[in-house]
Structure formats: C-alpha cells, structure tokens
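Below, subunit A partners subunit B and then partners subunit C, in two separate complexes.
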Partner chain A sequence: MVSSISFCDSKGKQLLSRKYRDDIPLTAIDNFATLLMKLEEESSVVPPCLTHNGIHYLFIQHNDLYIVALTTSLSTNASQVFTFLHKLVEVMSEYLKDVEEESIRDNFVIIYELLDEMMDYGIPQITETKMLKQYITQKSFKLVKAAKKKRNAARPPQALTNSVSWRPEGIKYKKNEAFLDIVESINMLMTQQGQVLRSEIIGEVKVRSRLSGMPDLKLGINDKGIFSKYLESTSSNSNSNDDNSNEVNSSKSSTPQPSTGQDEGSSRKTSNVELEDLKFHQCVRLSKFENEKIITFIPPDGNFELMSYRLTTPIKPLIWCDVNIHVHSKSRVEIHCRAKAQIKKKSIANNVEILIPVPDDADTPSFRYSHGSIKWVPEKNAILWKIRSFAGGKEYSMAAQLGLPSIDDNEKPKLKRPVQIKFQIPYFTTSGIQVRYLKVNEPKLQYKSYPWVRYITQSGDDYTIRLNG
Partner chain B sequence: MPPLDKKIKKFLKDSVRIAPKISSKGELTELRTGLVSPYPQTRKDAIKKTIQQMTVGKDVSSLFPDVLKNIATNDVEQKKLVYLYVMNYAETHPELCILAVNTFVTDSEDPNPLIRCMAVRTMSMIRVDKILDYLETPLRRTLQDDNPYVRKTAVICVAKVFQLDKQLCLNLGVLTDLVSALEDPNPVVVANTIASLTEIYAMDSTVINLNDLIQSHVSKFLLALNECTEWARITILTVLSKYSAKDSIEAQDIIDRVTAHLQHVNPAVVLATVKVIIINLDLTKPQINDPVMKKLSSAMISIMSTPPEIQFIALKNIRIILEKYPELLTKETRIFFVKFNDPLYVKLEKIEILVRLVDASNIKQCTILLNELKEYTREFEPEFVSKAIQALSQLAIKYSKESFCNKVLDILLELLERQDTFKDDCCIAISNLLRHCPTSTQMVTQACGLLNTWVEPELILNRDEAKCNYVWLLGQYPDKFSSLEERILGFVENFRQEDPLTQTAVLATIVRLHTRLPGTILQTILELATKETIVIDIRDMAMMYWRCLSIPGGDELVQQLCNTAPPAIDNILDTFPPEILKKLIQELATISSITFRPQATNAKKYVRPETVVKGKKLDELKNIAKNEIVKNDEVLLDFGDDATEENNKNTTTLDDLDDLFNFGTVLPKESNSGTNLESDFNKLGINGGRQDTNTTSTSTTTQDLMDLF
Partner chain C sequence: MDQRIFARYKASELKNDLQGFDVKKSKNSALKRKNALKKIIANLTLGNYNEMVHMFPDIINYWKIEDDMEVREICHEYIRCLGPLKPKSAKEALPLILKDLNSKNEKLQLQALNTLISVPTSEFYNEVFQFTSDAINRKSQSSNVTKTAIFSLIQLDDIEHNQIFPFLERLLDILDNPNSRPAVQAACLKTLYTIHEKNNDMQFLCLKSNIVFNILSILSKLNEWDTVYALEHLPISAVPQTHSEALKMIEMTLPQLQHVNSSVALNAMKFIAYLLNYVDHINESIVHKCSNSVISLLDKPPELQFLVLRNVILLLLSREDSLLHIDVAYFFIDYHDPIYIKDTKLECLYLLANKDNLPIILNELSQYATDIDTQMSRKTIRAIGNLAVKLGDDSVDDSVDILLNLLEFGVDYVVEEIISVFRNILRKYPERFTDVIPNLIHYSNSVQEAESKNAMIWIITRYYNLLPNYLDNFSVFSSKIKDESLDVQFSILNSSVKFFVRSPSKETEKICIGILTICTEEINNADLRSRAFMYWRLLSMVQNDNSVSNETVKEIVDGELPLIELDTKLDSQILEELELDIGSISSIYLKPVSQIFRLNKSKYLPKSPALNASRRQLEVIEDSSSTYNHERFTPNRSFSDINRDSSSSPVRQSSVQNYNSPAETVNHLRGKMKLSSRSPSKLSRNPSKLIRRLSVRTGLGKNK
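Up next, the complex of A and B:
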C-alpha cells in the first residue's frame, strides 16, 4: 500500500506531499530527483517504477509534473497505484482545470483535502468527482452548531457508501434529456504502398445525463452482429483472426478500395466480426449483462463514459495518402502527396490534417496545392496540410519542396517518423453499431425524457503511414 | 434577529483581512501575529500561510501553540488545516498535544459524520502516547457508528493504531471489533475491514488468523463484490486470490462469479480479476477453447489501450501468465505491435511479448513478425533497435527452419553494412544463429565473411558478451578468417582489460588453436591467465590446460577436449524456474511482478521499533526525533540491501550462464552438461588435484563448461 504521495516539479523536486503511513523517512522523496537523473543519463529507458533503498517510487507524468507514490512493500498492487494516480489527476483537473506546477502551488488547501479524502492509510477510497464535489468545495463552509442551518454544512453524502455510490439523490431537471455520443477512433498503420499492417476501431459510448431522480436506463444496440458474436462460445471465433490476417496480407494493392460505411456495417453481420472487449462504467450492472446481455444502469449525473469496445476487423483506410518523398542530398527534398477520402459520397471528413515529416535541417519551403492550407512546422520537423472539409470520393494533391544544407555529413537524411493523419467524420460509425433504443424509467417521478444520439468516426492517436526507411 | 448594524459589524469583523506587513522580525513572527489576530479571516489566512511554509519544507513547528489555538473552530476547512498541521508536528510538541485531545474527543461526537471521521482519523495518526490513551472511546464509538462512512474510516484506524502501538491495540481488544466488522451490511466497510486486517496480518501474523477468516467469508466477499466502489472491488478481488478453493466445482463457481469484472473500466479491477481466475484455473483445468480463456485474452488486450504505466504492468504480467498458459493470446500478436508514440519501456516489453507469443508452427505469423521486427531495426532509439536484433535471433531460433534463420542472418548482415552502431548486438545474434544451425556452411561463410572485414575487433566491440562470442567464432571457424594470428594477438594484448567471459573465451580459443598458432602466443596466454587475472576460475582453467599440455600425449587430450561439438541451441528465450513462476503467479499485479522477483517467503517481518513518543522534555524529544529518523533509515537500508543483494546474486549467475551458453532454460540443461563434463573428465583421467575446485562451486563448473567451446 502507498506510504505517501508527492507532487514534484519537472526536475523531480517536491512541491507538495501527503504522508499516509510512517514507514518511510521524510527525506525519501529527495532521492527521487537524483534517481531519475542518474537513470536518464544511463539510458533512455525510464520505467515508471524505480527502487532505491527498499523504497519503490511509482510515478506518472502530467504536464510539467511528476506525481509519485512511495511504498516499501513489494506486495503493493502496482496497477492499483497507477490507476489511482491517473484518477487523482483526473479529479484534480476537474477542480483546478489545469493540473500543473503553478496550480499545485496555488491550491494546496484543496489538494490536501482531496488527498485526505481520496486515500486513507494508502488505500484508495473515493474518487468519484461528482460525489467529492458534494462535500469538498472550493468555498469554505461554516459549521453551525445547531441543526438549524444544516444545509450549509458540508457532509459526506449518504450515497457515498451505498451500492449506487456515484449518484446523489434529489437531482432535478426541468427538461429531462440524455445525450448519447458514439465515437469511434480508428487506429491504423499502413505502409507507403497502401498495405494495412494493423487496424483497430476503438469505440466509446459517452453519455451526458440530465435526468431527475434515480432513473434506471436500458440501452439497446443493434446487437445481432456485435454482442452475440462476442458472447457466443469461442469455437467459431478462434479461427477468425487467422483469416483476418490472411486478408490483410493479401490486400497489397497500392490503391485500396474505397469502402462505404453502411455496407461495411451490414456485411459485418454476416462475416466474422468480433467485439474484442467491452468495458463498462461501474454503474452498469455487470452480472446482468453477463447473464442476460442487457445493458442496464443508473447513470451518474452529467458526462461520463458508459462503455467502450474494440474491434480488430481489417478495415480499409478511410483517408488514404499516397506520399512520395525524394531526398536529393546536398540540395533539396521533394514531397508529393495525393490524399483521397475513401468514404461514402454523402459523407464528409472534417478537419483533415496530414503531417508529413521532413529532415531536421530542411528550410525554405515552397508549396503547390489545390485545396486546404499548408504550413511548415519547424518545431515538429514536418509540414502540415490542413483540409477543413473533404467530401467522400474526392482526391486532392499537393507538392512541396524544401531546401537542404549543402554541407554533407556523409549520412543520408533519415525519415524515421511516420506520416500522421487526423480527421473527423460525423454521422457515421465504421463498425456499423447503432443505438436501437434508450429506455428511461424513473419509478417515482415517471417523467417524459428525450434521448439524443450522435455518431462520429475520427482518427485515433495512431493513424499513421510508415515511410520506407 | 440581531439588529442590522450589529450584523454588519459582525460581517465586517469576520471578513477583515490584515495585509501582511513587511516586518523586520522575520516571517515566523509575522505568522504568529496573524495566528492570534482577533479577526477570523486573518487567522485563517495565517494558518494557510503556515501550512504553505510547511509544504515547501520549512520548519514551522515553533508556531505549534498558536496554531493549536485555532483548532476549536466551526469552519471545516480551517479545522482540516489545523488537523493537518497537528498531524505533522505533534511529535515535536507532545506536551501541547494534550490541549488538542479535548477537541478531538468532542469532534468525534460531532453530529456531522465528516467531522467525526476527521477526528478519529487524525487521532490515530498521531504518534504520541497521551493522544493514544484517549483514543479508546472515540475509536470504539466510531466503529459502531450508524453512518457507514464513519465505520469505513474507523476500521482502517485500527490498523493505524496497531502499527503505532500493538500492545495498546491488543489491550483495547479492538481487533475483535474489527473481525466482527466483516459482517457489516455495507460492502465498502467490509472491503476496508479486510484491507485493514491484511495490513495487520502483514505486520504480525500471530494476532489474527487471516486465512481462516478469508475461508469463512468467501461467500460474503463474492456478494459484496457487485455492490461497492471500484477500489473496494480491487481489495476484495485481491483477497479472493488468496483463497484456495476446496475443489474444482467451487473454483469454477468463483470464476463464474468474478468473470463479469473483466469488463470493468478500471484496469486495476481487470487485472485483479485476471489474477483470481488464473489462480482458480489450476483446479478447473479448462480446455484451450473454454470461453473463459477467450475472455481472459480479450481482457488483457483491453489493457493495451490504457495509460502506458498500466500497459507496462500488464505486459510484464502477460509474460508471467504466458509461461503458464502459452496458448492464451496467440491469435493476438498484432495488438502488441509497437506504436511509434509508445514510451520506450513499453516498446521493449512489447517485443519481449511478441517473440514469446508467436506461434512457431504458423509460418504466416512468423513472417509477419519478421517483417515487423525488421522495420524496428530501422528505428533510431538504440535500446529499441538492439532489443529488436535480439528478438530477430530469438524468433529465428524459435521457428527453427534453416531457411528462416538465413533470412534473419541476411537482415542482420544488411543492417551491419548500413550502420556501425549495433555491432555488439549483431555479433551475439549471429553467433546464436550459427549455434542453432551448426551445419549450414552457407550461413557460416556469409557471416564470417562479414565479421572478417572488421579491423581490430577487440576495439570495435564493447560488450563482454559480444567479444566472447566473436572469439568463440574465431575458434570455431578458424579457416574463415584471414590473418587469424593478428586478430587473436589483439585480444591477447588487451587481455588484462577484458572481462571474465572474454578472458575465458580467449584462453579456450588459443588452447584449441594452439597447433595453428606460434607457440609464443600459447605461452603468453597461459602465463597471463595464471598470473594476471583475479578470477580464480580462469586461473584454474589455465592451470588445467597447462598440465594437460605438458603431460605426454597431452595434445591429443586437449584436442579431444576442445573439439567436442557444442550442443545446438533450440531456445534462447529466458524462462522462469517453476517455483519462481508459481510464486509470481500468486503475486500478479504487484510490484514484485514487475521486477520478476517474488517476495522471499521468510522475508523479514515488518518490524517497527517502539515509535510512540512519550511525554518528555523538549530537548530529549528532539533527540528522540533525530534518532528515530536515523533508525528508520537504517532499518530500511538493511532491508533493501538484504533483499536485493541476494536476488542479484541469483540472477547474475543465471544471467552469466545464459550468456555463456545462450540457453534459454537454464536449470535443467546446466545440470546435464555439468554432469557430462564431469564424466568426461573422469574418462580422460585428469581428475587430479583440480577436481575439487571444479565440481564444488557452480560458478567453477560454469567456467569449465566453456571448455566445450
């Protein structure tokens, strides 16, 4: 279990700490900076868990901060500690907006309060911001001895230790609404020739709940093709991935076929689609889902992520770029890029950004292009091509030329970094997932409610084209 | 209703803030003035400032009496701050703490549960005996509190008190209350109780029988599991993983009850669930296509989309789990392909998993991985590239076909031609490949052809391992190298600076090739190895050779000894010895599962010296405080050294063995070859005076095994 938690600046010097147990000397954290520095000098592999003198330092980085948990026991649950540290940052950012050195220094009172409430004796306790905000508030409260002004005194909400620990009672809205956002992020790794090396869809169902009382919600999704496959026994599925890898391997054509979302979705139901893993917010009754395959829950108030899923079915690139880079050493580098939106004609990809790496020492760029805007981003050693709106089936191209210094250091400039692409496609999910219904039932209030659903597909954090070395 | 002007007056008084003055008397005096100010808001500001000073590490303990004056307040925030201060500095002012006791006790009866909690939580953190004396009533009361929020805090306080003063805790008899709290109707209280009991058990395993308690409450835990916070679930799941099911039916039942938690969004809950299932699988012995295996795979994969630190733990854990259940995840290699923005430590672990995961009977998968690894060798982070090179040779040897090894060799040779930086790694990898396919003349010619172009290999190569492999190649394929004598001479000249592995290799190679080399080299090396090295094993080895060579017919004997064909290696992946693996499985998700060092079963029990500060004079106290810190340091130091040193020793010998023979599975093979060697020796009739040293210590045997090269 955790002995203390410290916030340190970018050099590892302590800003604030909270001690939970007595088994470490106060000076232990001072070693952290030196440890870190020594390690960084030796190699660039810096694992998030360091050990010195029998004390383990588990840390994460956030903005310009290190958040370090110290413990002496090898039997400390490391995954719990890291999850807690991330959660801590998440909660703090809801209180402080930006969690960074400056805001830590300015808000130590509230941070001490949070640390006190979120962890006791090194054991994580309460991390639901919605609940914490009920009794840890920025403003100070006066305690009044008599119970007269009871409402003012900060008290832990009753619900805190109930089985529904994420929702206080007595929430009221004039208009009862629930907003569902289905966001699918596509991660894809392609070769310059258009072969897809890896692709996955990471889906999230985000909910913004503005509902009164204690509503019980039931979510229906076109589960024919999705959930049933996941829940069926594995015998039929076990081969599927092998097949998939074959498919990917054989699709070596340099111009991948355009794919239309809806077709994809419907064909998926018959082909071997598999939702790799479903993850639910803690409000979802897991055993109910396990046994009856129904998603039911009492939502927290406000925004939260209801569920996430992942699909590793092979998909064709939605935005494809044919990039050609010619490096004429000692003089210049030439870049040709042809971008294509391989989505339905009706769909539009918004905010498309294509980041193409250029050599570190390149300069004096010149561009030729028909659409969007291009600029050179020297701090990233890349050029950025932005296209605000990119209709399905369209194809745009650009050419760029940058100068290289004439001094030759014998080595060909290397372009190890991949081309990165970002985009958003509204009203469309790649997997074909659809919400059938969202039933809201509040047994006491029996109000009318309005569910809203939005779909969006976007690039994940790893939608890249690997350039030939 | 007080008259309006009075109200206004009060409001003004409450909100007056005196601007801090620049005083010549220093900061502390200024704070002191603030703390005793008649205006509440000013006092509060001063408290905040005091805490701020404390936060940045300044000693503000001298303000203790003045801060304490502010403890009896109705302002929750201010109360929290004063409590925080008291907790930090109580030890330096034990006499004054008594003044706070009254407030603590009163607060523990406050109608507001938040205050009750705060009071008992703070009291149990203060290491002063006077406070602890007064703790009994509040602690008992809060343990029976109506509000579960208070109870969940109180049960943890028992562990805190136990840590501070075990005897007191036993005298109070609160442990009985704690055990009965396991029956609490509220699941969160149950979870905290079990966490508290686990802590107490870790400190002293004689006071409670944790295992019995777990056994008798399993059904209670399983029920509570579905109804509590995510953190409480982790606690309960961790306890469940300590439970040993009676039979396969019960084990299956537990698995069924927890499986749903594989879909929890909190990755720590998922890992804790994985652990419970893995441990119970021992009894149920499922088939490979059991749905639970499928679910386990997908749960572990799901952690690959969490923050990198958690991925790191998951990857380390997957490595452990894969050794027990190698069939898990085999279809999922692609998930572990490296993303370009992964942190380096994740990238390295992913490669480790990839080579273990790949199905050696699936050519397609192996080829895909081969291409992927080839791609990695073009990256720019040196650690990453050298791991990829290592992985390439591991993959080739795992897949085992000669044509495949040839492909890998081509990649390595191409890499060497392109870049200068990875000669060490490539040299090791190439030697491994050649040891795997000793009969392939084509590969030998290709590899040695390139190695032959290196001028002054003793300077080009840096790592001991790489040099030793290079020298071994010289001895193994002497015809493939030009100017053999010159190359060997280079190593001989550097002999003194070399590390033991290379020294051994140089010695063995020269003895092996002594008929081809001028006699002076042999003479030199034997003298160097007997006189100039500090490693006893090398000296002994040299002595042995020397004797063999000097007896009549010795040449033949040495030839016989040197030309024994080394066994072909068929796996160069490290594995855990079975008993270590067993322990690691028990310790999944913990820090020891990242370091791969299971806790020693008879490790030092958590010992704490008497830490409660008795009411004494101030000077004495200061000394005590100082000594405390020193003592603490020492205890920790000792502990760290013991544990790590021992482990280090083990691992280094293992590593050494590994490097030498490039065996993956060290233990069985070592003993085999060890005995072979002995019998060889016996046959050869040279078990003279040296034999004792040869066979008694493992490390000597290790070195002697080099003779086989």
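Up next, the complex of A and C:
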C-alpha cells in the first residue's frame, strides 16, 4: 500500500503531494532530491527504487517530472505501484494534455481531485478516464442540483459498481460505427553484416467505438488457436448467425477484405497465423476466450486498445540498410549507405527515415544521393535520410562525407550508436493477421452498425542496425 | 480571486471574508466564501495550524447550512487535519459527520467514513465499527462504500485490535457466500490477509479450497486493481491439498497472464509460481505461457521492465530455467536502455549462460565491454571473468581470449578490471594460463585502483618464477607503500615476506625488512602493525632460537591456496520467501522482508500433503504427454558472485577476490542488492587453525 504520491520537478523537489496514510513523516519526500543527487554522483546507475530511513521511494520519470510513490513496507507490491503511476500519468494527460512541471502547477486542484479519486488509503481505485471524467470536471457540482437531476445520471456509483465498470449506460450515437486499427510494430536488432539478432512483431488492435447502448461485440481473426475453434462452431450453426453478423467493411484506405463466403474451406486454414501472448483489455471476457477461443466484449466508449499480441518468428528485415562508415582519423568520415525495401512490389513504405550516427565533432557535411532528402542533425550527432515513399523491391543509395577536426585526443572516435530506421507500410501486416468479422449485437436497441478495419505495419521503438564500433 | 490562496492568513482575516453570508445569497458572495474556505485548507497544508484552529465554529456553521459538495469536502478535510489535534472540539462535528455518513450520496459517505477514522477517539471509532457492521451485510449499500468500510478495519486493527475479531468471522462468511458481490469479496480478502499478516499473535490466513475456487472464478468480474490484490493475497492463504487441486487453480489463473495491466499479469505469475510448489508436474504449455507473459512484460515502460527483470533473476536463481524458457536474445542490451536496465539485463545474461549459448553471450558481452559507460564496461568484464570461473573447463578459453583481446584495447579502467578478474581465473586454473602472465605484468604501471593493485601484486607473487625480474615489478608497488590504501599495504606486506621466505637473499631481505620497518614504525594502523610484528617475530624465531623451521614458516606464510569455486547459492529458505514476494519491493533487492525487519513474520510455504520437498524436482511434461523429458534440474549451477555484477561501486569487495580481507558478513541494503554469500569463510584462512599447527610442529624441524 502506498503512503503518499508526490510530483517532483527534474531536480527531485516536491511540487505537490497527496498523503494517503499516516505512517511516514511529511519531510520524507524532501530527502528525495538529495538521494537522487547522491546516487547520481556515486554511479550512473539510478534504479527506479530507492531506500532511505526505512522508506522506499518508487518513482517513474515523465517529461521533466518525477512521480514518486512512498511506502514503508518491503512487501509492497511494486508492480502495482509502477503500473498505477503509469496509469496516473496516462489519465492526467487526458485531463492536462501535457503532463509537465508547468501544467502540474497550474492545475493542482484537479490533480488533487484525481489523486483522491484514483487511490484511497493507498489502494488504487478507478483508473478509467472515461469513468473519472463523469464526475471529475473542472467545475464543482452542487448537491442540490444533483438531487434534482435524474437519479441515475447524478450518481456515479451506479456505473462504478456494476460489472461493466468501464462503460456508462445511456450512450447514444446517430450513426453506429466501430473502427478497428491493426497496427504492427516491428522490432529488430541487426548487425552490420545483416545477421538478425532479434526480431519480433508487436501487434495492437485499436478500437474506436461509436456505438449506442451496451453493445456486445464479437471479433473473429485468423489466429490458429482462435480460428480453428471458430470453424467448428460455425459449421454447426452458421445459418443462425448470419442474420446479425455484419461483414467487415473495408474503409476507403484499406485493402479489400476477402468476403467470408469465399474463403470458407480449406484455403483458410493455411493462411492462419499463430499469435503468441495475447493481452486483452479488461473488457474482454478472458474465461470465454480461454475456453472457447472467442473474443467477446462490451467495449468502452471511444478509443481504447482492445488487444495486443506478439510474434517472435524470424523475419527478413523489411527495410534493410547496408551501411559502411570509414573514419579517417583527424580528417574526415565517409559514409555509404544502400537502402533496400524488401517488401512486396505492390506495397509502399512511407515516411522512411534512416538515422545514421556520425562522430560528435564532425562538421561540414556533403551529400550525394538519388532519392529523398538528407540533412545533418547536429543535436543528435547523426545524419537523417528521409524518403517519402519507398516502393517494394527498390534500392536507393547515398554517400556522405563529413570533416573531422584535425586536432584530436588520442582516443579513436567510436561509433557505438546504432543506425535507426523508421517506416510505415499501410495495408499490410507482417504476421498476416486478418479480421474475419466483427459482430455487433445490442440486445435492446438492435441497430445496424458499421465496422471498419485498417491495417498498418510500422517500425517499432527498436528497429536498429548495430555498428561494429 | 482577489487574493492568493496559498498564503498565510490570520484567522481574523478569514473570518472577515466569511462574514455576511446569510444576508444575501448572491452568487458572488458564495464564491467569495468558498474561496475563503479554500484558503483555510491551503493554510492547513502550509502548516498554519495555530491560526486555523480558531476557524472551528465557522466550519461547523457552514457545514450545517451549505449544500455544496465542495464546501462539504472542505469541512471534512478540515476535521481530518485538525481532529487529531483537537479531538474534543471534533466531537461537536460528530453529528454532522454521521448525517453525511447516512446520506444517500456515495461520495459524502466515503468522505465521512474517512473523517471518522482519522480522529483518534473511541467515540469516532465506535461509529466506524457500528457503520461497518451494518454495511457489510446490507446489499443496498453501494459496494464502494462497503469496500471502504471493510478496508477501514485494517486501520482500526492498529488501535482497537480486540474489537476486530468478531468482524473477521463475518468477512470469512462473505468470502464463503458465492452470492456476495465480487468487489466486496476482494476487499474482504485483502483485509483478512493484511490483519492476519501484521499481527504477531495470529497465524497467516488460511482459506478453504472452495473459497479459493470461488475467488478465482470471480476474477473476471473484478476491476483491474481488485484483481491485483485478489491475486496478490492468494499465495500462502490458498493451500491446495492435492496435486490436482493445485493444477486446477493454475488453470484458472492462467488467463490472467494475458491481462493488459502488467500488475495483474505479474501477480498471476506470482500465484502460479507459488502453486507450482504443490504440483508434481506441469505441462510445457504452462511454461510457455509464463515465459511469453514475461517477454511481453519486457516491452513495458522501463520501471516495470526493471521490476520484471529483477524477478526473472529471482526465478532463475530459484528454479533455473524450469519455469522460464526465454531466449537469451531478449536480454541483449539496447543502446537506449536506461543504465539500470542494462545492468540488470547483464545479470540475467550471466545467469542464463550455459555451455550451449556461451558463444552467443560472450559475443554480446564483448560488445558491451567497450560501452561508453565506464561502469557498464567494468561490469561486463567482471561478468566475462566470472563466467570463465563459473562454467568450467570448456568455456574458460573463450572467455580468456576475449579478455586478452580487450586488454589490447588499452583503456585504463578496462585493463584494471581485467587484471582483477584474471586473479580469479588464475585461482581457478593455476597452471593453464601461465604464458599470459608476462603480458599482464606489462600493465603494472597502469593499474591505479586498490583492487587491481592487489590483484597485480598477487599475480606477481604467485608467478614470480616466470618473471625474470619480479623484484623490480614488485618494487613498483612496494616503493610507494606509504601512499597506498590499507588493503594494498597488507598485500605488499604479505608479498614481501613471501619473497623472503621463498628465497632468502640480500635483496629480498632488504625489501622485507624495509617493508616491516615502514609498517611497524611509519604507518599508523594498528592492524597492519600487529600483522607486521607477527611476521617479524615469526621470522626472528627462525633465525634466533631455531625453534621454528624455515619450512614451517613457509607453510604458514606461503601455503598452497585452495582452488576457488563459485559455489554459493542463495539459501533455499530465503529463495522460498522471496518467491512468495514476487513483484514486491523485496524482489527488487532480492532480500526477504524478515531479513530486514526482524519483527516481521517470515513467510513460508504452508504445509499440505501436496507440498513438494524440493522446488527443483518439478517435471515439465511435453504437451503431447509423451513423457520423455526426465531431466531433473540438479542444483549444480552456482551463482556466488553475481553480487559482483550488481554492486554499484566498483570498490566493493566480494567473496572470491581477496582472501586477505575479512569476510563480508553484513549485506547492505543500499542502492543495489547483493546476494547473501556464505563462501568467504571458506576462503579466508582460519587463524586459530594456523596457531594450532604452529604449536604442534614447534619441536620438529631444526633447520637454520
């Protein structure tokens, strides 16, 4: 259980804090700044958990802030604390947009209110922004008014205590739509020679729901585990399902979906992919998924991440760069780079950015290149090659030369930083995941709804090529 | 707003602001009043208690007439702040608080409940007891209020422990009743567990199996944080009586590994790890799911990633790889990782290393060794050296090759670290790398740190016969003995005596006498002085009365050292306790709670017919159920000096490196964690034994 939560500036000095329990002195947080400083002097390793005088400081960093949770017990559930702190930042950013020192100072009233509402006696309570927004607004509301209003609208507990804590009742839309975004991020670590050290696909299914009432959604995708079960169940009662199943509409920007009628049969099985490690939003009925492999859920209103998955199958680099860097000590550095889009001819990679590190003290860059644009980014000590659109199978190359100062300390300039690549490939998933259907069923309202789906593959946070320094 | 809210005010000023409220109820004055009330709270947070005490009557006044929620909140906050200081005046507010408590507005009820608990008088507490006992069974009460009422018992337990007992029964009843509301049940579980845990006169909570299954079945109906503490408190309190019961529980918990809230996933992992003590075998799919869950947790923000990595270390220590099959590539260090993550990943790599993956790991490590961060680079070199000692004959050559390559890199700290690490390797393989010695000695001049100096002195002394002018090498250090740190001075003293005893000659005698003189006369340290005197008397016994032979002295001063082994494991009991604390702060430090707070009860696995004797005897069965995998996980791997890698300051001594220094018995909980190690005693010489040997042999040899 957390004893208090504080927001501190970049030096570790307290901006505001909320105390939840009486077991710590008020001054405990004041030590945080000195503790941080001492540790930073002592070594470069500052773990997100410090201990001083029997008080544990668990903290996360966000922009120029430290968000610190204090606790006295060693058996405090640290995973809960860290998760909560991140959630807190997430919620606050919905209220304040940017969570940083200035916005904290400007909005302390609402922050106190949020802190009160999200945690009680050191135990996390509600952390869904949608629910919090119902009764934490900038204005305070009056008791008298509350009594006059419709009974269920004024009282938050209704929604909080029923089993669907993430969706209030009585939502209405004129046009009922659900948007599915399937985003796959590729993380890859490669050596300069082209050996793939690690590769993974991290997929997210994001949903933007604009649906009235309490709809029950059923999502079908071509995962092996999920899909084989689906085949069994539909073969027996496919007819009865038909009436309220909405075939997925392809939005203008997406590839045409194979209609469900056509690929019924053996061809389906072969195109199935096996997703590892699915993670679901709390609205998905996990036990239903575990037993019957069906993804069913009552969605929260608005945007949310329905599920995420991970695949570790070895994949070929989608965008590969053959980089050669020659450092001529005391005179110049030469960089040759050949980029290749190893994707289907039909696909196009957009906004490709290749960030190649150069020595800190390099200057006077000169470039030769055929496509895109190149500029030197001194603050990152790198050159950035941008290619707006990069068609599959194409190969572009560039050469750059930068000067180095003639005076040089003895150390050989090292380039330990990796080459980073960013890209986006629309209408394409690397894993081959496809949405088969999304059924919307609102038992009371029985409206017609329109599901849309879109696919995109992009580089993850970590799509890098290591340089042999 | 004409005045700033956060400024110190006198009570009279604020009273002024509050005046004239009842004359006209215009909006303007209402705003003004509210502002004044806000100032009161602001002043309380500023600590201006003396002045604000006088506002008590005004607060009561407003409480009676104002309907505004914000005003009520302010009133409650006021009582919460000042009630503990002025319990008598707080009593005046009691009826008002009770009125709010019995109102229909949930927010007000919560406020009132919190206020009641914060004032330490029995009247207030009795009201809480009264309310709680009513609320527990009343279904009409919103479950949020019921939850808070149940949690308030934890607080009341500190004060009125005896009054709690009747409630415990009732909470158990709620858990037992499948018709209770899930959120309330979760709160009951947490309250029961916490009260049982913190009172020393009570046993740990123990739940009947049907209750456990009931809780597991409601997990999906709870909100994410309720799920967290339901799962958090199931270990220990749920005691499966048979293997199949435990398996069933695991099965019911598995879906939670896929929860998007990392805390739920990690706590599910904790419960599963706990239950594994009560099964005789598990399916490979469970291992697969756990590993996958961990891997995806590694994609979370760095703080969580750090926590998960620490727990991976814990699981690797206690179960080797029986629960987690994770490809080493996931622990490869990324350039952008924060340093504490890099550090922890390095430890994981070290622990995961075995004969098969060693080439990959060494290849990675050699990359890190030239990292820009000095400490990172040092730790990597440590890890390479320790791997050489840990993995034995097959791997040592590869590790040494890498170290020698790095030596050519020539940067000071790299060289220093390599020298220190080489001493351990040489202690393990005394004859294998003799041809490397001259190469190492070459760097005598560039070592600066105490530890690497010690190492260098030891290497010179041990392999003097390979060095044509070892005395010159030695004099690099001995000539500056006065400037050295204490442990280097000890090394110099020992070595100088060793040289003399091995080959008594004019030169060695001169050096030896010189050092002894400096140690006894010039350096002002009692320990060093008495050691020097001890040597001196020993040597003079040989020369003067011949009561001790030269051979005996040699044996005392320059005995054969035992080969080192990295053989220390964490105590299995400690591991057991740590495993019950997965995801907690103690898992970050890898220190069980009871080791730091002696008054705390230490957790242990509850006895049950299904409990396994040894954690390592868990069979993993392939899914196809063809049980060919009879691999028993024998405890032959050792992790003695991981603390090497983890110690945040390079100066910190560890078990194997210096047999001269006193064994470290106390582990500090500072910055980073160290694993408890028992090996030092093995390596440090036992002085009493030496003395005994001395007295037995005195009459024998009469050389010289």
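Going forward, the second predicted complex is superposed on the first by the 408 of 469 C-alpha atoms of A that agree within 3 Å, B and C clash if a C-alpha of one lies under 4 Å from a C-alpha of the other, contacts with A are read in each partner's own complex, and residues count from 1 in each chain.
One rule holds for everything that comes next: a residue touches a chain if its C-beta (ideal position, glycine included) is under 8 Å from a C-beta of that chain, and two chains touch if they have at least 3 such contacts.
Here the structure is a predicted model, which is why all the values come from computation and not from measurement.
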Fit or clash - subunit C, subunit B, common subunit A: clash
Partner chain(s) touched by A:14 [first = subunit B, second = subunit C, both, neither]: first
Which of subunit B and subunit C A:333 touches, first, second, both or neither: neither
Which of subunit B and subunit C A:24 touches, first, second, both or neither: first
Subunit B versus subunit C as contact partner of A:65, first or second or both or neither: neither
Touched partner set for A:281, first subunit B, second subunit C, both or neither: both
Partner chain in contact with A:42 - subunit B first, subunit C second, else both or neither: second
Contacts of A:74 with subunit B and subunit C, given as first, second, both or neither: both
Greater residue coverage of subunit A in the superposed arrangement, subunit B or subunit C: B
Partner chain in contact with A:165 - subunit B first, subunit C second, else both or neither: both
Partner chain in contact with A:53 - subunit B first, subunit C second, else both or neither: first
Common interface positions of subunit A, toward subunit B and toward subunit C: 43-49, 51, 56, 58, 60, 71, 73-80, 82-86, 120-121, 123-127, 135, 140-144, 155-156, 160-161, 163, 165, 189, 197-198, 202, 276-282, 285-287, 289-290, 305, 308, 310, 312, 414, 416-418, 461-462, 464, 466, 469
Touching residues (chain side subunit A, partner subunit B) in the complex: 1, 14-17, 21-27, 43-49, 51-56, 58, 60, 71-80, 82-86, 108-109, 112-113, 116, 120-121, 123-128, 135, 140-145, 147, 153-156, 160-161, 163, 165, 187, 189, 197-198, 200, 202, 233-235, 237-238, 241-242, 245-246, 249, 276-282, 285-287, 289-290, 305, 308, 310, 312, 414, 416-418, 461-462, 464, 466, 469
Residue ranges of subunit C in contact with subunit A within the complex: 67-70, 72, 105-107, 110, 114, 142-144, 148, 151-152, 154-155, 181-183, 190, 220-221, 223-225, 228-229, 232, 254-256, 258-263, 265-267, 289, 292-293, 295-296, 299, 301-304, 306-307, 327, 329-330, 332, 334-336, 339-340, 343, 367, 370-373, 375-376, 581, 583-589, 591, 593, 596-597, 648-649, 669-672
Subunit A-facing residues of subunit B, complex: 44, 48, 51-52, 55, 57, 74-78, 80-81, 84, 111-115, 117, 121, 127, 147-149, 152-153, 156, 159-160, 163-164, 186-189, 192, 195-196, 199, 202, 226-231, 234-235, 238, 259-268, 271-272, 289-291, 293-294, 298-299, 301-302, 305, 307-310, 312-314, 331-332, 334-335, 337, 339-341, 344-345, 348, 362, 364-365, 368, 372, 375, 378-383, 587, 589-595, 597, 599, 606, 608, 611, 629, 632-633, 636-637, 639-641, 643-644
For the subunit A and subunit C complex, residues of the former touching the latter: 39, 42-51, 56, 58-60, 71, 73-80, 82-86, 120-121, 123-127, 135, 140-144, 146, 155-157, 160-161, 163, 165, 189, 197-198, 202, 276-282, 285-287, 289-290, 305, 307-308, 310, 312, 414, 416-418, 461-462, 464, 466, 469
